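The two complexes that follow have chain A in common; it is paired with chain B in the first and with chain C in the second.
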Partner chain A sequence: MSTLTDTLALAASGMRAQAQRLRHVSENIANADTPGYHRKFIDFRPAAIAGDAFGQESGVTPGPVRLDRGELTRIYDPGHILADETGHYEGSNVDLMVEIADAREAQRSYEANLRMFDQARQMSQSLIGLLRR
Partner chain B sequence: MQVSASMAARSYGAARPLTSPEAEAAGSPASAGARLAGDFAQVLQRAETTAQQAMTGDADPHALVASLSEAQLAVETAVAVRDKVVEAYLEILRMPV
Partner chain C sequence: MFDSLDIMRMAQAFAAHAATRQQAVSQNVANADTPGYRSRDAIPFTEYWRASQERVLARGDILRADEQPATVAPDGNTVSVEFEMMRAVEARQQHEMALGIYAMSRDLLRASLGK
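Now for the complex of A and B:
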């Protein structure tokens, strides 16, 4: 495989990883009001891509899902079925502000990878276009 | 200049190995062309498999787009090379003999 097709595969691995990240963000937002829900997040790690010319881990893959061990918010609602003797129950530890920022960051990284993909494709196309003249 | 029959025969004999076709070496143009065609078929095959998997929901769209772009570039390369070869052939045909 040539370097430019490697670039295509690398950009695709980056886009896949960011899509996975956005998936967990949407999962967190959907469960923002679920009692006892811990925020989920993933970290990225290097991975080999198919047909890697350099024989090393140059792509990216999302790591295993991890749970945020942060403290759950205590919500006062004596009428709630989960409320303890003080009238509080434990909500989720999802911070919507953090999730929205994370989603925006995933979008920007996705766009950057998309731009790289397009760039590599245009470069290959113009290289082959030289033969046609 | 006098040319004897034996000398002419020797000269012809010496010139013959130069014009006779050589045995197929590993790096010969023919085997390189065969390998190129094999690679090309492999890229197209991979694109087709990925497209089928994406239709049935097994592959993600990123893999589909990547392999389809790869196939597109491979086809464009093959078409450009073919055009060049046909052009060269026509050029030879037009050569006044």
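Now for the complex of A and C:
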């Protein structure tokens, strides 16, 4: 039983990490047109889950938020308030295509974790079902 | 008289093995995007059963990194979600079979007791 409970915690850690990732993706998309905005991203690392009887590094946790150091796009708009003498200003370095792909990947991984969660839940349910008869 | 209890013990171990396997699969799925993570699976049941007769198994004894992973991503991650789904179904079926055997032998025991 405790193995299945751990499995639930594991799947939950995966879902939490993917949700965190999706949060940053939506932040990037919301700021796609903000001048001077650097894209934020996180990576994942293995982590111990709380109450895991077996040991470390079985769950997953999002790492610290990092900024994309890529170059900002230069947009030509002489009328813009931030425009320099050449008529350009610096936009964000968010690539919407990348963000959408990232969001889709996060969603897929989230669903996969959810299915694992559901399956572990059903397995423990049928285990409990043995007691009912 | 209680010879048949052996099969219940085995069914129990079979279910526990399936649960561990499911845990391994969950762990792989949770780490599907973790750089450098190597996918792992539980040892086969025959090995598990033999070893569990001799000693109490720790998780390190049961889980093992895949030697020939289905895919290797550029960041060193070897989890293939499709492959994990397949393993999850296997674990599920194994678990159901174990519980089925357990329930069946319990009913048999009950019938022999006339209840």
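Couple of notes before you dig in:
As a convention for this text, the second predicted complex is superposed on the first by the 132 of 133 C-alpha atoms of A that agree within 3 Å, B and C clash if a C-alpha of one lies under 4 Å from a C-alpha of the other, contacts with A are read in each partner's own complex, and residues count from 1 in each chain.
To be clear about the criterion, a residue touches a chain if its C-beta (ideal position, glycine included) is under 8 Å from a C-beta of that chain, and two chains touch if they have at least 3 such contacts.
Values in this document were obtained by computation on a predicted structure and should not be read as measured data.
Contacts of A:Ala19 after superposition: chain B is touched, whereas chain C is not reached. In the overlay built on the shared chain, the residue A:Thr7 is in contact with chain C alone; chain B does not reach it. Of the two partner chains placed by the overlay, only chain C lies in contact with A:Ser58; chain B stays clear of it.
Look at A:Val94: by the touch rule set out above, it reaches neither chain B nor chain C. Judged by the touch definition given at the top, the superposed model places A:Gln125 against chain B, while chain C stays out of reach. With both structures placed on the common chain, the touch criterion links A:Arg115 to chain C but leaves chain B unconnected. When the two complexes are overlaid, the chain among chain B and chain C that reaches more residues of chain A is C.
Common to the chain B-facing and chain C-facing surfaces of chain A are residues 4, 11, 13, 117, 129.
Chain C makes touch with chain A in their complex at residues 15-16, 18-20, 22-23, 25-27, 29-35, 37, 58-60, 81, 84-85, 88, 91-92, 95-96, 99, 102-103, 106.
Chain B meets chain A in the complex at residues 60, 62-63, 65-66, 69-70, 73, 76-77, 80-81, 83-84. Residue ranges on chain A touching chain B, taken from their complex, read 4-5, 8-9, 11-13, 15-16, 19, 117, 121, 124-125, 128-129, 131-132. Of all the residues in chain A, the ones that touch chain C in their complex are 3-4, 6-7, 10-11, 13-14, 17-18, 21, 43-46, 54-55, 58-60, 105, 108-109, 112-113, 115-117, 119-120, 122-123, 126-127, 129-130, 133.
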